[in-house]
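Next, two complexes with chain A in common: one pairs it with chain B, the other with chain C.
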Partner chain A sequence: MLLLQLLVNGIVTGCALGVVAVSFALVYATTRIFHIAHAGVYTLGGYLAWSLLAHGVPEPLALLGAMAGCTVLGAAIQHFLYAPLERRRATHLIVLIASLGALAVIQNLIAAVYSSDILEFTIPWASAVVTLGGLRLTGAQLATLALSLAAFVGMLWFAHRTLLGKRIRAVASNPFLAEITRLEPRAVYVTVIAIASAVVCIPGVLVPLDLGLQPYGGVTPLLTATIAMIAGGVGSLGGAFLFAVVIVVLQNLSLLVMPGEWSIGVTFAIFVVFMLFRPRGLFAAG
Partner chain B sequence: MDYFYSYLILAEIYVLLGLSTNLLVGVVGIFSVSQAAVFGVGAYIVSDFLLSGTLSFLPALAVAAVACIVLNVLLTLPSLRVSGDYFVVTSFGIQLLATAVFTNWTGGTGGANGLPGVPPPDLFGFPLEETRQILGFTTVAAGLGCLAFWLAMRAPYGRLLKAIREDELAVAAAGKDVLRAKVSAAALAGAFAGVAGGVYATYMSFIDPSSFDLDASVLLLTMVVVGGARTLAGSIVGPFVLLALPQLLQLVAIPTTVAASARQLLYGVLLIAFAVFRPQGLAGERL
Partner chain C sequence: MRMSRFWLAAVAAGALLGAAAPARAKTIELGALLPLTGPGAVIGTEQMRGIQFAVDELNAKGGIDGDKVHVIYDDDQAKSDQAVLDFNKLVSLQHVPMIWLAYSGPTLATAPLATRRHILILNSGAQSDALQKASPYLVNTLPSTEEEVKVMVKYLRAQGKSTAAVLYENDAAGIGGRDDFVKDFKAAGGKIVAQEPVQFGQTDFRPALLKLASAKPQVLYVVTTVGMVPLADQLHEMNHKWLVAGTTFMNNPQVIADPNAAGLIHTQVEANVSPALMAAFQKKMGVEMGFFSRQYYNSAQMIFIILDHMIKAKTPITGANMRTELFKIKTFATPVPMTFTSNTAIVPIAIEEMKNGTEVTITHSVAK
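For the complex of A and B:
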């Protein structure tokens, strides 16, 4: 029974991190920027929702408001940081350093405004427990499962069925050709990061319902998400989502044999295995 | 005066770390946020040997240096096999894993409480207890590190490393051994970090995981970016400037609760500002 409970917990959190992985993978596949600051956008989402709720905004509106805030932040990072760097023909290393700098700024502004301690994020229905044949599921977990799957399916539909999604995939597969056919890669980059930031806000709000808010709490989820993206194969959104679920399930099952402080070791071991045997990932495109 | 000496000692220890990070980030051109982990391993190895009394200071420092050479080469190996972006993941992963080990392996590291009472450094049985003596020792250590870095950079070996960063394929096509050059640079960087760790632990006489976490790695990266890549001057200027900045922050009345985040915020702003406006840093070459 404990095994089944851990399995279910893993699948629920895995779906949430799957959304982080898919949004990161969309940015990475399109812009080729390793967007480390995405962890900061993820963290900000939770804090914005917390503040809006504290000011008496209804829950769905608080989520939408937080998503709007994240969208603005993501688009601003692209417009005021990545785009000028690209114009100056900065090296890849410099873009990474700038992204890390942006993450440090976001995290520490949050820490200065709120506090660097863990902030309880409690909503009455979220901590209510539903029992399904011996399995205990909290309201937060049910919401996480439903919204994460919806976000994932929505992203897939968007990328494959809409005109903007097709334009994004065209830019991702060949930026040069997209440039000369007037698909305007630069405008697409802003759009992609804006969309990814709005989407990553969803797990950014839902995961802290269980674990609480922490200004520096975005790095570990982002690490799991990037490992999932690499294991799944860059360019495959489905692969990224699937591997996020697999990694988090394995992390949870590892609780049977070792304490939770070491779960980062499990995540990293999976990464090392992929680096050694299949660095291109399982479902790499092209 | 003692306050100023302790600033100098710490800055000199960080010069060694700056050299180490500069070798990886500036010279070889890989993004690393895990140098504080290697620094920490050096510090814990020396502390454990001295606290248990099995080795005296210099042999312990030698063991730490060798261990950090091996560790740093192992950590850097993935960057030789996969593209630069994947190494970002390796680097973050190693740093978070190291923090988990430092915090949770209470047997070897004292866990979150750290290791108190590390004895002061000694040279051949002659303990260095006064601040001035330690300052002399760190000056010699940092000086030797700078000399090694300077000699390596002006030798054909240094030009080979710079050429690899510019165009690895062309260097390989010219018949040079790219792998050996990168591995030896990583080894040198590991030795610097290991020695710095040992000296840091014995000078502070207390170490805990907070000195070797992700924030510490970001600080090391900021030192290289602000000081400047690939030059000796950059590796020296960076640590001296960045360790002086928190003192300036104290002049502005910031409540102590946000002091730590204000400091990290400043490092983030510096990273962005230098990346956008001055990628060559104060005294270096373009990253």
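For the complex of A and C:
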């Protein structure tokens, strides 16, 4: 039963981080920007939802409102930060540092407005425990699992079945050709980051619903998401999602055979070895 | 040219006269390195409020013999490397003779610097055992975790608890607390059946709790400093049967108010102050005077007593002199009285149980 509970807990958290990985992968594959500030957008989503709920907004509307706020923030980062840097032909390193700076600004603003205290959502159904056989899961965990899977499937459908999704993939595949064929890569970049920001807001709300909000809480999920994206293969949304789940499940299950202080190190060591054999990742596009 | 020489001479004379003037400044500058951002910021901000309330109160009454006190705060984020940078800045640029610190990591990291540069460092928030012998210039107004552990182990064994698991933070404070508990519980005839670490700031305790639960202990001893509300919620979610025990770090108003925390017990360094002081603090700061505000308010009062003695005796205000004066005074009639026979204060410790959104004292003891 311990094994099963650890496995299920890992899958739940892994699915949430899978959505972070998928949204991060979408941005990176299209824009080639290492969008570290995505961690800030993720964090802000939770705080926006918390504020809306505190003002009596119903839960689904609070989630949608937070997603709208994240969409605006993501688009603003692209429009006011990345696009001007691109126009000035800034190197990838400069853009990365700018993104890191944006993350620091977002985190500190959140800490200044909400304090650094761990904030808790007070939603009765979220903390209610559901027993399935011998498994015990909270309402927040079940919601995380359901909505994260729905977000992942929705992202796949969007990328492969919609005109906008195909346009994004075309730009990601060859930005120069996209420019010539009037696919307007710059407009696509804004759209991509806006969409990714809306999507990352879903785990940004659901994970803190279960574990509480912290202004600096977005960095660890983004680290896992980054590794999942690379191991899954840049450009493969499914690969990023799958590896995020695998990483978290491995971290959880490793507790069965080793003390917790080793689990993160050993898990990532496995991925380092994996990358030595598959440096382009398991499902690399192209 | 003659005029230039005249002005040069005048400036030099002025400088000499200035140097001959009394060395004691009209504002005494002290330092405080606290975690004001990051996961430790809740406690750090509470500590800062305690110091600042004491300073404002003192300055409003005219200071110490007319001298005002000003505290320069720096944010170390509870990180050792940042604390070292900030320590050097406060000492080299601001020339402060003493610095308040919090959290074991930063305090231990700055202790060798304090020894080398003769700066008095005052810890009223960290409890790692290593703090007791880290530096002759480090003074602790809180007893070490070891003292709290002894009180708790005695209580647990008296209750017939013979098996325990330990959940600890993977840092100096957590590891020290774990080692103390394991040693003392075994020495008292108990058995440790499992132990698991968590990272500072971590709020997902489920994997560690599941592993510990599988060992079926009678007691879960917790040595973590943050994330107590998620911990209480996740413990409740597991429908556990063990007794959950911890240290002073469980004293968090949010945890006490959490219905899921009912039944948790913890040792508590007693820091009771008068209702009038609590009310004045609440009025000025807009929040309740929490445990760490009381601790740092109390240690600020101790510093004021030391400074008062030194100013009256016309002793230069240096870190070395402050330390000498502290051990000369030895017993301080501060709101929470303290006595120093070593660099760690002797204070009373209680065991409290969380019940219906409040705490009930089960036993009293004294840490030596």
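For the reader, a short list of remarks on this structure follows.
As a convention for this text, the second predicted complex is superposed on the first by the 273 of 286 C-alpha atoms of A that agree within 3 Å, B and C clash if a C-alpha of one lies under 4 Å from a C-alpha of the other, contacts with A are read in each partner's own complex, and residues count from 1 in each chain.
Here is the rule we go by: contacts are C-beta pairs under 8 Å (C-beta built on N, C-alpha and C of every residue); 3 or more make two chains touch, one makes a residue touch a chain.
Bear in mind the structure is a predicted one, so any value in this text is a computation, not a measurement.
Once both complexes are superposed on chain A, the partners chain B and chain C clash. By the touch criterion defined above, A:252 reaches chain C but does not reach chain B.
More residues of chain A lie in touch with B than with the remaining chain of the pair chain B and chain C.
After overlaying the two complexes on the shared chain, residue contacts for A:111 are found with chain B and with chain C alike. In the superposition on chain A, contact of A:9 is made with chain C only, not with chain B. Once chain A of one complex is fitted onto chain A of the other, the partner contacts of A:211 are limited to chain C, with no touch recorded for chain B. Applying the stated contact rule after C-alpha superposition, one finds that A:103 touches chain B and leaves chain C untouched. Using the contact criterion defined above for the overlaid structures, shared-chain residue A:219 touches chain B, although it does not reach chain C. In the superposition on chain A, A:268 contacts chain B only, with no contact to chain C.
In the superposed model, A:154 makes contact with neither chain B nor chain C. When both complexes are aligned on chain A by C-alpha atoms, chain A residues 108, 111, 115-116, 215-216, 259, 261 touch chain B in the first and chain C in the second. Note for the complex: chain A touches chain B at residues 28, 34, 36, 81, 84-85, 88, 90-98, 100-105, 107-109, 111-112, 115-116, 215-216, 219-220, 223, 226-227, 230, 259, 261-262, 264-265, 267-268, 271, 275, 279. Against chain A, in their complex, chain B makes its touches with residues 25, 29-31, 33, 78, 81-82, 84-86, 88-90, 92-94, 96-97, 100, 103-104, 214, 218, 221, 225, 257-258, 260-262, 264-265, 267-272, 275-276, 279, 286-287. Residues of chain C touching chain A in their complex: 37-42, 45, 170, 195-198, 201, 203-204, 206-208, 210-211, 213-214, 226-227, 229-230, 233, 237-239, 254, 260.
By the touch rule above, chain A contacts chain C in their complex via residues 2, 5-6, 9-10, 13, 108, 111, 115-118, 120, 127, 129, 136, 138, 211-212, 214-217, 251-252, 255-256, 259-261.
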